[in-house]
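The data blocks that follow each hold one structure.
You will see two complexes here that share chain A, one where it goes with chain B and one where it goes with chain C.
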Partner chain A sequence: MAKSVSLSSKRISFSKRLSLAPLLFWSILLVLTPNALMVVYSLWKSEDGVLKRVMSIDNYIEAFTNPVAISVLTRTIIVALGASTLATLIAYPTAWFVVRRLSKRRLLAVLLVIVPLWISFLIRVYSWKLVLGERGFINSTLLSLGLIDKPLTFMLYSSFAVFLTLTYVAIPFCFVSSYSALERLPNSLLEASADSGATPFQTFRTVIWPLTRQGAAIGFSLALLLSCGDYLTPAMVGGLNGTMFGSLVITQFGLTNNWPLGAAMSVILLLITAMFLAVLARITRTEGTLD
Partner chain B sequence: MLDGTKGIYPAVVRFVDVSKRYKDSTSLAVDNVSFEVYPGEFFSILGPSGSGKTSCLRMIAGFEQPTSGQITLENTNLVGVPPHLRNVNTVFQNYALFPHMSIEENVSYPLRMARIKKTEIQQRTKEALLLVEMHEFARRLPHQLSGGQKQRVALARALVGKPKVLLLDEPLGALDLQLRQQMQIKLKDLQREVGITFIYVTHDQGEALSMSNRLAVMSSGRIEQIGTPKDVYFRPKTYFVAGFIGRANLEPGVVEISQGNVVGRWGDFVFPVAKETPLGPCVFSLRHESVNVNGGAGEISAVGVIRDIVFLGDSLEVFVFVNGLTLVAKTQMQIGSDLKIGQDVIVSFKSADVVRVDG
Partner chain C sequence: MIKDNSEINTLTERKRFIGAPLRRLTGFFSWTAFSGVYIFLYAPLLIIAIFSLNDSLVQSLPWSGFTTKWYEAIAEDGQLRSSITFGLTISLLVVFFSSIIGTYFAVAINSSTGRAPKILLATVVIPAIVPGVVLGLSLAITFRMAGLEPGLLNIVIGHLTFTVPVVTLVVLNRLRTLDPSFTQASMDLGANRWRTFWYVTFPLVRTAILAAALLTATLSFDEVVITFFLAGTQQSLPLYIWAQTRFGFTPSINAIVTLIGLISVILIVFATRSIEKNLESNKSADKKL
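Take a look at the complex of A and B:
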């Protein structure tokens, strides 16, 4: 009896390992290799558009001593953190409302939140031009109400427009991950907390948040990754003032044809976001598992 | 506050004409239920699933509000009071321990929410853990415990705040048989030790009969009978109670007047019944173990023939056709071992054991 058990458990572990093989294969092919190539590239040099395969950290020094790069990087981080935070602050309570208050129409609500994801990213970003532009929705509404005499121009082509658009783009991601965490939370835990004399706020602080903040953090991370590296949004609604680090990176790969510098800037961005994510994972960690 | 009634009715929990209809439901989950639970009592609500017993408990805890009627805790109104402001605690069927808190943190939770002094919290948490013998596990997390251990922690958490009433929602349902029997004894001891009123909801008649001071039997949202375990077992009032608790012969009969006496006629059996028994057709209930085959006491007796014998391990169920009725007798192995199908036997029982139940 014991023999057969150990045999079958071995077989399971082998088949488990086998089932992980494609994952490993794709990770190596699609994640590890490109990133390794990027790191290697970042250590090479480009002289007048000609690639020189000499190892040096000159690209990093150049990126860190360029005042434009530094200020754009700072702005990128601030805008990305801001957009991710706002998106989470909107999505988490919405997810809570959908999970707790809706029963029959729950699926419909989830569908409505994630339906924008089915539309092209480009179109979603572009549509904000129609909202924020000089003859956009907001301006024409305000004008027709007589609240302003001439169109407001600060909205479009600014960091604010980028921030707003990135927030909008990030909301479905934050919603889905918050939703799945909140939905897994058993009602009996909330009842047990209330039963123990906890006010609704105490229940949120001591039970709901600790058990769902990881879900919120995953949404936040997705939002952060999306907005840190994005170059389409700033190109379309950011204007000159709304340039993001991603825009600088893509310039290196296109206009200036300096791939090594572009790679170095990418590595810098990657490390900075990784750092934020590591800190986030650390502070949102919760021990114990739901049954 | 109904101060005027305080001295007269010492009830801790009182239900007055309580009904509950859930949203989107056409039938009543709880249908005009009234009962009282007295201080220090172990009170059980027994019924099959869907009988409304858990709804009653949840209305005391505050997780549900009654559609109509009145619920009071020590003569103060409970209707509309949110759960966190009620001085009652619940032991949940699935334990509902907070998975991210240690056992100690789980048990101290009600005290921490009440913002009691740190030293007192420590002291009382320790006492509660000692009470359920879980002090050695204080630093563990719930997922590191077995079902029985989680159950004890849930008990400690519910008792630590010294509630007026402890509500238990099928707390032993998820445990295996042996552990369940151990916990029954523990729970009863614990209840005596802490002196807190327990309201215990279960579908298991064994638990209800063995632990309770009194129990209410529920079916389809209504209370069928309230009484001591002995009362409910031996003097069932309704057909449902007689059939649900234990095993009983339930056969139609009639109560009539014969030669100036009120008698019950059951098949061809005729026996005296109490004078105030309502006349007319009815159902009589007689416990399987109250029927004797070839021996035992009982002033009513007749010869019958054995139709079937079912082996139950420690006992036999003997199906006897007698006086136009098929009665089942539960017989000890030693007495019944030489019985055979088709054999003639003398069936006897006490007329006092025959109970008229409402259909």
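Take a look at the complex of A and C:
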């Protein structure tokens, strides 16, 4: 009796294992293989567009010694960190405001921040071209008001434009994750803190922030992930001065037709983003849970 | 409840010696900053809509008159129409296959125990997280080595790699909130796993699948970078818009973009409504049970 039970439970667990087989197949075929092939490709070489299947780390050396690649990489990290920080600095207080000050219209306020996420990324990036362009909204307004004589040209096609646009597209992500953390913060904790004589700033530093910084960090990470590897934004509003690492990868794929170097750059991009996220996850663990 | 809290808040605030005028001033500033965020979020989008109705070949103000000719021009653009058809074909195929595959993955993961499903889930999710250029290039390399010609099939498979995990996560999230006794009861009554899924589980996760399908549709329909890596000569709509906005320029792009934006928003409002309704009816059904 006991034996037959264990046999049938074994059969069930075997058939359950079998139900996972398609997942294994998918993972190997469409996730592990492409990534492995990319790593292999990054070790090969392209000589005048002809693929040489000889292992070497030349592409990595090239990516780390080429002055253009280095300056683009540095800019990418600075712009991505800057945009993610600014987006968090805007979104976190906004989420706080929505949680604390609004009651009836709270859902509407949240929805209004999320709606842009449903509008194509391409459209949102493109809109900034119309705002910042030489004959764009800002310039034509300033011109017609007589505040400037000729259009300001530093705005579009610059790192600044990339920074601003990335901040813009990152805000909804930062908002949602900050909001979901702040919303769960019980009022009693804040009252207890105030009753114990803490100033608002002390309450924030010792109660609110430690309990919600993980939410803020998740939003920051999403923003960083989005901006580190983005290609559309620098290509649309960045011009030559605002090139980012993602654009370099695409150039190797298209114009230069040096796939192995592009693959090496992709691997570098992946490792850098992974590193950032690991560091962030480590330093922002919450001190205590909310639920 | 909320009202009570705010009363307590003002009480405790009164305890602190902040003068009323100062508080009013900071209140004013925080309201201004708060509205500023919303203006920042929507102004650029409104500017596209305004320019799409402006009777001027260049993208600039002052306003030179109202026109709908940029919208009329859409209908006459043959290349645009074929790119819309191609984009819709991709999205439909992607939504169809990712809904089936993603739901299957979610059910399989949810009904297994141990470490294997966790590891598999983490692996399947990877393409949804990595930057588009990385995913695009790795897939382009793979397809090239497999000897697949760039085109529709490659694009659909490429999109599936990042939409399937989205469906899996959304459906899995719903499955985990369900009471396992439903499926246990069904199995005890002699239904096999397939019948249990079809008559018990599926009706309960239908809304989640619908929500995921909608998300998948927009993700796929708007995708540019991965499509760029995998497309042959035929352009999808975002690729066409991309080429137009970067190089050549016609104001009718503003009209197309405005239309797409409007359609997405209407679709979302409609979908959230129906999903909410469905969730409510599910909840009341749960209560009855």
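The rule we apply is simple: the second predicted complex is superposed on the first by the 256 of 291 C-alpha atoms of A that agree within 3 Å, B and C clash if a C-alpha of one lies under 4 Å from a C-alpha of the other, contacts with A are read in each partner's own complex, and residues count from 1 in each chain.
As a convention for this text, a residue touches a chain if its C-beta (ideal position, glycine included) is under 8 Å from a C-beta of that chain, and two chains touch if they have at least 3 such contacts.
None of these values were measured; they are calculated from a predicted model.
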item	value
Which superposed partner A:M38 touches (first chain B, second chain C, both, neither)	second
Partner chain in contact with A:D195 - chain B first, chain C second, else both or neither	both
First (chain B), second (chain C), both or neither touched by A:G219	neither
First, second, both or neither for A:L211, with chain B first and chain C second	first
Per-residue contact with chain A, leading partner among chain C and chain B	C
Partner chain(s) touched by A:P234 [first = chain B, second = chain C, both, neither]	neither
Which of chain B and chain C A:F253 touches, first, second, both or neither	second
First (chain B), second (chain C), both or neither touched by A:P186	first
Chain A positions touched by chain B in one structure and by chain C in the second	191, 194-195, 199-200
Sites on chain A touched by chain C in the complex	16-17, 19-20, 22-24, 26-27, 30-35, 37-38, 41, 90, 93-94, 97, 101, 103, 112-113, 115-116, 118-124, 126-131, 133, 135-137, 139-141, 144, 168, 171-172, 187, 191, 194-195, 199-200, 225, 228-232, 235-236, 246, 249-250, 253, 259, 262-263, 266, 269-270, 273
Touching residues on chain B, where the partner in the complex is chain A	61-63, 82-85, 88-90, 92, 94, 96-101, 109-110, 113-114, 141-143, 157-158, 161
Touch list for chain C against partner chain A, complex	2-3, 5-6, 8-9, 12, 15-16, 30, 33-34, 37-38, 40-45, 47-48, 51, 58-62, 101, 104-105, 108-109, 111-112, 116-117, 120-121, 123-124, 126-127, 129-142, 145, 157, 160-161, 164, 218, 221-222, 224-225, 228-229, 238, 241-242, 245-246, 254, 257, 260-261, 264-265, 268
Chain A residues within the chain B interface of the complex	186, 188-189, 191-200, 202, 206-207, 210-211, 286-291
